[in-house]
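Following this message is one structure expressed as C-alpha cells.
Order as written gives the chain letters A, B and C; numbering starts at 1 within each chain.
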Amino acid sequence: MNSPLKNIVESLIFVSQEPLTLERIQAVLEGVPAADIQAAVDELVADTAADDRGVQVVHVGGGWLFSTKPAFDREIRRLLQIERKNRLSSAGLETLAAIAYRQPMTQSEVSAIRGVDSTSSLKTLLEKSLIKIVGRKKAPGNPLVYRTSAEFLLYLGLNSLDELPSEEEIAKILQEEKAADA
Amino acid sequence: MNSPLKNIVESLIFVSQEPLTLERIQAVLEGVPAADIQAAVDELVADTAADDRGVQVVHVGGGWLFSTKPAFDREIRRLLQIERKNRLSSAGLETLAAIAYRQPMTQSEVSAIRGVDSTSSLKTLLEKSLIKIVGRKKAPGNPLVYRTSAEFLLYLGLNSLDELPSEEEIAKILQEEKAADA
Amino acid sequence: MTEGAVIPLEPTPDVPPCAEAPEGYQVRLDVFEGPLDLLLFLIRKKKIDIHDIPIAAITRNYLEYLDRKTEINLDREAEFLFVAALLIYIKSQMLLPRETDLAEHEDPRQVLVNRLLEYQKVKAACSILREREDAQILQWKRNFIPPLHGESELEPVELSLFDLSESFFLMMKRRSADETRTIRGRDVSVEVKMKELVGLLRERHMIDFLEYFEANASLEEALVSFFCILELVKSRMAVAVQDELFQTIRVWLRKDAHRTDHHE
C-alpha cells in the first residue's frame, strides 16, 4: 500500500539521532491520531523485515530506529575496518545486570550482590556509557548512585527495563541447569 | 527481485558516513564482478525511488548514500528542533567543570585554569542556561562573575553542589585497574 | 589469622575434575567470578539442596579450593577469604547449643542462602542478556547523523556527572603535573585499625559496623576491620551483636575493658 504517512515516518526515523518515540512523531505531525501513526510504523516494520531489504526498522530503546540486518555484519566490519565488536566481560555483564534489576545502586551494594569488589567493572560500564552516575545516596559517606543509561537499552535491544528477563524466564534457566546436572 | 547482493549493498551504503563508491564496495565484496554490483545498486536506486519509500539511495559525490525525500523536509526540520540534544563540546565541558568546582569565577580565572581563552565557551554555557551571571567582582575592570545555575543541578540530578563527586571518588574510578576485570 | 589455623583441612578425594581445567584435577580459582560463584559451583557439583546446605562440608570444600589457589591477586583473595570467614562464622553459630530447635527464620544459613539465590538469579539473567548482546552486536545502527542546519538558540543538553567531574580533575592534574598526588589505598595494619576501632568505641560506645565498613571503602580495610572485631570479641573486649548475617553488626566495648590495655 502506498501510504504517505508511512513514508514520512520512515524519513523521520531515518534522521532521528536516537530511537524515535511515538510521542515525538505525534509532536511533529500535529493532529495525526496516534493510532494512524502506530499503524504506519507497524507497516514500515513489516516492510523492512522482508527478505528483499538490507536495512530494517526495529523497535528498541522505547522507539524505532534503523539498523542493518545481522546477516551482513561481516561485510559491514570489512567496510568500516572494525574488528568484531567486543562483548562485555562476565564481570561487566554481572555488574550491569545487578544494576539493571536493582537500580539505583551504589558501588558497595553492587559489590555485595556479586560478593566481589565491582569498582573497576563500574568504571568500564561508565566508559561505555551503559551506566550513569545519577547523584548520591543519603547514607554514611554519601556514596555515588548508579543507574543504567538509555544506551543500555539500545545495547541489549530492549525497549524498557520491563523487558529484562522475568522471574519466570530466570526460573526456567535455573530449571534447565538443574536438569543438565541430573 | 529478491537479491542478497542488493541487500548487502543497501546495508553498506547505510553504515557509510560518506558517499560509498563502487570501488569500495568491490573491495569489501572481493570477487564479485563490478557489473553485478552496479546492477544491484541500480536496482536499489530504482526501488527506493518508488512512491512507497520515504528514504532513497542517491548517486552523489562519486558514490551512493541514503537521503530523505525532499517532500518531507518540513517535518524533518520540526523533528530535529524537537529532539536536538547535543553533547557539550570538550571545551564547554571543561569550562563548566571549572566553574562547578571553583565558583564563583570570572572569565579570566576560568581561562587561567584551562590555559585557553574561554569567552566563547562561557557564552555557549550561558545560552544553554547551565551557568548564570551573578554580579561583578570588585577587581580592576569589574569582571562579570559566573556560577552554575539551578538547571545545571537539575540536569545532573544533584541536590546541591556538595554532591559533586570528589577528587578521590573520581580517582578511584579512573585509577583502579584490576586484573580481575578483563 | 589464616583459615588453616581455624579449621584443619582434610583431603577430600571426591572433588570432581573440572572441564575448564586443562590439568584435569586442578580447578583454578580465577575461573570463578567470585566467592559466591565458587559456592554455587560447589553446591551444583555436590548436588546440594541450596535451601539446606551442609555448612561444615561446604566450608571444608570451599577452603580446599582456596588452598589450591595458584596466582590470584590479593584483592580477589581477600574476597574469597571474607566469605570463608562468614562460612566459619555460620558454622560456629550452628554449633551453639540451644534450648529449642531453631525456627526457620532463625537459621543462621538463611541470609547466606538468600544471597546465593539472589546472585544465582543475576547469573541466570546474564545468560539471557548475553544472548541479547550477541544478537545486537551484529546489528549496526547509525547513531550519528549530521544535523541538517545550524545551532538553534536553546538546546537541551546531554550532560553526564562523570564526564563533568572527570574533566575537572583531569584539568587540575594537567595544570599541576609536577605536584600530582597519587591516590592509593592506605596500607592498613591490624594494629592501627585496632587502635582506631577501640578509640571509636570509647568515643561512641557503640558502632554500626556496616556504617563503619562503608566509610572505610577499600575491601582490605574492611576485612582488617572485620578481623579486628572478631579479635576484640574473642579477647572479650567487645560485644558484637548481629541480628542477621550480612545485616549490620553492632559493636560495644565491654565496660570492664574500658581501662584495660588491649594491645599487647
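Structural remarks
Everything that follows uses one rule, which is that contacts are C-beta pairs under 8 Å (C-beta built on N, C-alpha and C of every residue); 3 or more make two chains touch, one makes a residue touch a chain.
These numbers were taken from a predicted model, which means no experiment stands behind them.
Relative to subunit B, the most remote chain by averaged C-alpha coordinates is C.
Central chain by Cα centroid: A, whose mean Cα position is closest to the mean of all protein Cα atoms. C-beta contact counts were set side by side for B-C and A-C; A-C has more.
Computed from the mean C-alpha positions, the centre of subunit A lies at a distance of 19 Å from the centre of subunit B. Per-chain CA centroids place subunit B at a distance of 39 Å from subunit C.
For the pair subunit A and subunit C, the distance between C-alpha centroids works out to 30 Å.
Among the residues of subunit A, those touching two or more other chains are numbered 14-18, 66, 68-69, 76, 91, 116-117, 126, 133-135.
Multi-chain contact residues, meaning those touching two or more other chains, occur in subunit C at positions 75-76, 140, 142, 144, 148, 160-162, 217. On subunit A, the positions that touch subunit C within their shared complex are 14-18, 58, 65-70, 73, 76, 84-85, 87-88, 90-91, 93-94, 96-98, 101, 108, 111-117, 126, 129, 132-135, 139-141, 143, 154-158, 164-165, 169-170, 173-174, 177, 181. Subunit C makes touch with subunit B in their complex at residues 73, 75-76, 140, 142, 144, 147-149, 152-169, 171-172, 175, 183, 217. Residues of subunit A touching subunit B in their complex: 1-3, 6-12, 14-18, 20, 24, 27-29, 51-55, 66, 68-69, 71-72, 75-76, 78-80, 89, 91-92, 116-117, 119-124, 126, 133-136, 142, 144.
Interface of subunit C with subunit A (complex): residues 33-37, 44, 47, 75-76, 79, 83, 115, 118-130, 132-145, 148, 160-162, 211, 214-215, 217, 219, 246.
Chain contact summary for the complex, subunit B toward subunit C: residues 11, 14-15, 17, 76-77, 80-81, 84-88, 90, 93-94, 96-98, 100-101, 113-115, 127-130, 155-158, 164-165, 167-175, 178-180.
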